[in-house]
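In what follows, chain A forms one complex with chain B and a second complex with chain C.
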Partner chain A sequence: MQNDTVKKLVRNGAIWAFILFQLVFFEVAGRWWSLSDGAFMDMDSMLLLLKQSAPIGIIAVGMTVVMINGNIDLSVGATYALAGIVMLDSMNWPFMQAMGDSAIPLAWLFALFTGCLLGLINGVIVWKTGVDAFIVTLGAMLGYRGLVFMYNGEQPTYHLNWTMVDFAEASILGLQTPAIVFLAVVLIVWLVMTRTIHGRNAYAIGDNREAAVNAGIRVGPHFVLNFVLIGFLAALSAVAFYSGSGSVNPNDGMLFELWAITAVVLGGTKLTGGRGSIIGTLGGVIAIQLLRRGLNHIGAQTETVNLVIGTILIAVLFLDRQLNRKGAEELKV
Partner chain B sequence: MTDQTPALRLEEIVKTFPGVRALDGVSFSVMPGEVHALMGENGAGKSTLMKVLGGIYQPDEGRIYIEERETVMKGPLEAKAEGVMFIHQELSLAQELSVAENIYLGELPRKSLGRVDWGTLYSRTDAILEKLRVGFNARTLVGELSIANQQMVEIARALTVDAKAVIFDEPTASLTDAEKVVLFDVIEELKREGVGIVYISHRMEEIFKITDRISVLRDGSYRGTLNTAETNEDEITQMMIGRALDLSRNHEHLDLGPVALRVEGLSCGHLFQDATFEVREGEVLGFYGLVGAGRTEIAETLFGLRKPTAGRIFLKEEEVTISSPIEAIGMGISLVPESRKEQGLVLGMNCRDNITLPQVGDLTAGPFVSDGAEISIYDQYRDRLQIKSPSWRATVGNLSGGNQQKIVIGKWLSMRPEVLIVDEPTRGIDVGSKSEIHNLLRELAKQGYAVIVISSEMPEVLHVSDRIVAMYSGRIMREFTAEEVTEDSLIQAISGITGDAA
Partner chain C sequence: MADTAVKSIGGVLARQGILVAFILFMVGFALWNPRFIDIDNVFGVVRSSAILGIMALGVTFVVIGGNLDLSVGSMLSFSAIVVLDLHENPAFGPALAIPAMFAMTLTLGAINGFLIGYLRLNSLIVTLGMLSAIHGLTLTYSGGQNMDIANQNETWFGVFGRGTALGIPIPVLIFVALAAVLGILLAKTPFGRKVYAVGGNPTAATFSGIPRARVVFMTYMISAFCVATAGLIQASRTMGAPLLGGSGTIFKTVIGVLILGFIQNGLLLAGLEFYVQFVVTWIIIILAVWLDIATKRGKLWSPIA
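== the complex of A and B ==
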């Protein structure tokens, strides 16, 4: 049974070991093999890394919850773009313009509400129809992206408000707003998943839905809550990002869902539900971003980045499988 | 069995896993035309031994002989080529393919250009099916067959090769009595053809009916082989667990409380009709019948998983409607389901979280779940039910069947139910833990719970019940008290023979 603890340690620690390996590798490669002039591990670039991770990171946290619950959400990229459009466009509405800077919180609320609403639609459909979440959110991904294009055609939607930009670029202890939002989301959702009833039940449903029903757990409401949560987080991610950039392209957020899933899976969450952790996902997000920066740091062509990440993803899952299979064989004795 | 060469012989097999010596020098042989039972508690090493034989595990020491020729089993394909076939407990069939395609999967007869020779395939398959006297043909889709017939397909697969030894692993687990008869005929037929048969089962009745010899394993070591005709259940049980299992008839008289649950004319479509019975506080009511007689369905209806089409349910003489498990739990009805792993437990979670699963909503401190409250509930039921687990953190999936069942029972006891329904309390649990569970059920009745036990094992029903309800084809045929019931009358009642006193 000690085996159990060791296995958990390996499972949860692997992603951090990988991050450590990357840090050392890129530092050594950069400095001693003279592939780069600067240091890799300086404070500023690490803080920047956290900020750059934020848009996908915030979404990945929501994806972790949905996947632990035994579902998946492919529509987050479209939700992200639509929430961004709603936020920026609403600033252009006459009554909002009349309000001046005090319209900003209202615009944020509109965006967050949009995210929650889209998530609610996904959740209710999954609950009430019983259609697989993969299919429902695949449909939603196309549908919501359709709404994005209906809104403004191929044109970007923009509104630049310097107060908003200042807010987005404000920083505490060197951490800029998006990074702070990301870390706050990680902390809060981690508490929800590890310490609350909702979190406990989400794990139980993802692991064995029938047993959860038999224990008197209402599966549907938990599903819906989690879809609303990921919708909210996709919108929050848009708020954090577009407040600073001030312009949304209709193609923004494409493939975000896949990057989020990649990070979640790298962080040790099971594709079929019941197992996973928010902290692991934080690791997954950082590992991907680190890899991008690292390859750039040692002068690798940016085109190679995706190939490397894809390879590593498969390698990691293969290792995980090997580890778990070894465990399984021992246990059957 | 005189001076023939064994069809199959294993010699001094040793297999160790980290920390465990799973097989400790086990020897075992099967003669052609012999049915040889392999018995032992769960974890005694039966499956490991068979995996060594099937080439899934490599033994650390020891040799395997097929007709006295030493053989190394590198994998399942070698085993098949050597004529060693397995009929597994868990079926491994492609549901969307036809019977013929399943039987010849991987070796479909071919024509030129890699086309399948359908004519040969179907005629060969039908020839085998005829031998098995089954009611379907080569073109039937496997997904449309009953579990029993799917098992026949597995058996047919074993007949496609010139099998020297066939291993049946708990083949009757999901079969009805009629289907068992067909299975036993097939085994008889294989015997006549000189095939050596290894028969793994927990069911003594079958073992004594069809086997010639019995070998027993305990804790990975070989305990001996007996001629079936010269031994009895007690002796075998003692070899398996090192002591005798008490399955004597229940003769306790308990002080009965008021009626806890009364059911009048309860029906659910074609599943069961007109069920009327009651259970008192301090009493164990046994439900006995064949698989499909409607026992589990009654339990599921009482637990709110099925909607009754007619009838009334009274709890403490008050009429209630139960439309979901949540309502049932609220009213004090709990169900320990038939299949622990699929319906009862969250296998990836730890022991504590499984026990507190239905009530975690009430165990809060502020917005968070209270660790302390949960652990104290776990500790309480660990002590009360003697759950053997290294700590509350242990993953439930890693516990033994008996301890898993105790976790499920503990989960429901912690909800303080009035009525506890236990469906197949000891299915897949080793003999030693069985008697613990039996004692526990009796103990719960003494403490004033109304307990309903559903079981397919007659000795178990007779051992734990104060009254027994016999069901046949969706109807309650007869009710017995523990004093009046006899095995014969019970068997008649569940076979639909009404007799005089019905």
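== the complex of A and C ==
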């Protein structure tokens, strides 16, 4: 009994311990090698860190939900790019231009609608065909990227609107809009996953689909809802980011799915579904961003980031396995 | 009589659906644009499919063994960069560069195989981590620079990517030879049957005394070997982009790779935009897997409530 509590504490606390370790390590290492005059842990750079983790972080929250549900979504990067393109391109449509600044909320709606629609397509295919979500969204990763390129060729899509930029760079208590959106998404989705029937069912389905079906849960609609949610969040991430930058490159968002999955797994979500937490993912996202900044802070080459993160990912998987090993009577297969 | 004929045609369709689809595509494109079945064009497509095809051969073993390998793409660029760099290194030269590169790539495969086979870690995450790590390794190794062979005319290294024998491009010959060897290995040997057993039902396989860990380890070694071969060809012609694809049998893999190659080519000849093929590939991937599953369960739509 007590053993279980310790295990739970280790599992939920590990990512935060890792973050703390990084903060101390990079602070000390930065001074030791005196490669950087600035402190690593000052307030401004931490606020900036939160803003920079927003695009991947918002998507990672959606990925957590989909993975808890026992699925995966590899198409989020392409959804992100397409939603960004729709948002900026729609601002150039004649009737939108005629509306002036009041067209901005409409452009956001178009983008969010695009995200929901792409998510819906994935969800319905997974539900109705029974093809594994990995394959469905791997195909969609290609297909949606094809749509991105068909929209505007290899040209960037841009539209600079200063009201939109001001909105994206507005800040409350030092937190800029993308960071606020990120934290709000974490809070809301955390509430949905812990306090609603849908959240509880999503855990149940991911843990044991057959048992969930026998308990009378309709698996399909929950799948679809979660795919729509991740599509929506990918589009929201694009809205938060491109409102400020004003330009989408057709290659944008590539490898976002890998970073999001990495953050989710670092945060303790089980790949097989049924277990995981939104707060853990928040930790995972921050840990990755800290690592990027930290390695940069101590003057390591940017290329080493990939090497370090890949190694850490495998190490985490190994440690998790060791910590959560079932009884010795389990068949060694 | 007519009834049995219909049934047997249905049986052929169900079993060889992917081959039938391939033939339909070929006929369709040929009617659309006769240049499609021109012999030069056909060879061109097969040649450019060879690199993807060789990688898919290896991935087939991994997938049948019940795992995934996401790291083949980054492993391909790693092996290509390494072989080019060692080729330019006076201490190595082409004759030593190739075995050295194979050894290094196989080491990466051994890491995958050890972590997934012996430590039984989840293959999706391990190979995702390896994808990232190998990517970092390649960038660190090359310093972010492109690698080129300085004196391209003074080396026989280009033979793997550009050469021909008996009028057939060397990459195609390698692809065909590897497909034949690996096809026999998978379909006709005890090892091949063990791969199916491990992928189909790991528990039953363990009870039957099949060394699961070693079999999985070997599938990753085969995958790494195929990647190294593909990397050699890639480096030798210094062009091309890697992709993922393939499942089932070696035969289906070959057909699948050829379908993607010919569709890409057919769409281009039909005058469609390059990027349309991404969307078409998406539809084909899902349709192919869906039909495969539908025939197995005997129902078109999934029973999920």
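As a convention for this text, the second predicted complex is superposed on the first by the 323 of 333 C-alpha atoms of A that agree within 3 Å, B and C clash if a C-alpha of one lies under 4 Å from a C-alpha of the other, contacts with A are read in each partner's own complex, and residues count from 1 in each chain.
Quick note on the criterion: a residue touches a chain if its C-beta (ideal position, glycine included) is under 8 Å from a C-beta of that chain, and two chains touch if they have at least 3 such contacts.
Since the structure is predicted, the reported quantities are computational estimates derived from the model, not experimental observations.
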Partner chain in contact with A:Thr311 - chain B first, chain C second, else both or neither: second
First (chain B), second (chain C), both or neither touched by A:Val65: neither
Touched partner set for A:Gly139, first chain B, second chain C, both or neither: second
Chain B versus chain C, judged by how many residues of chain A each one touches: C
Contacts of A:Thr129 with chain B and chain C, given as first, second, both or neither: second
First (chain B), second (chain C), both or neither touched by A:Leu258: second
First (chain B), second (chain C), both or neither touched by A:Glu303: second
Contacts of A:Val213 with chain B and chain C, given as first, second, both or neither: both
Which superposed partner A:Phe149 touches (first chain B, second chain C, both, neither): second
Intersection of the chain A residues that touch chain B with those that touch chain C: 213, 218, 331-333
Interfacial residue positions of chain B with respect to chain A in the complex: 17-20, 22, 43, 47-48, 303, 305, 324-326, 328-330, 335, 337, 342-349, 353, 357-358, 360-361, 364, 367-369, 390-391, 393-395, 397-398, 411
Touching residues on chain C, where the partner in the complex is chain A: 68, 115, 119-122, 124-126, 128-137, 139-140, 144, 202-203, 205-206, 212, 244, 273-279, 281-283, 285-286, 289-290, 293-294, 297, 301-305
Touch list for chain A against partner chain B, complex: 1, 4-5, 191, 195-197, 200-201, 203-204, 207-208, 210-218, 274-275, 329-333
Contact footprint of chain C on chain A as seen in their complex: 72, 125, 127-132, 134-136, 138-140, 142-147, 149-150, 213, 218-220, 223, 258, 261-262, 265, 271-272, 301, 303-314, 317-318, 321, 331-333
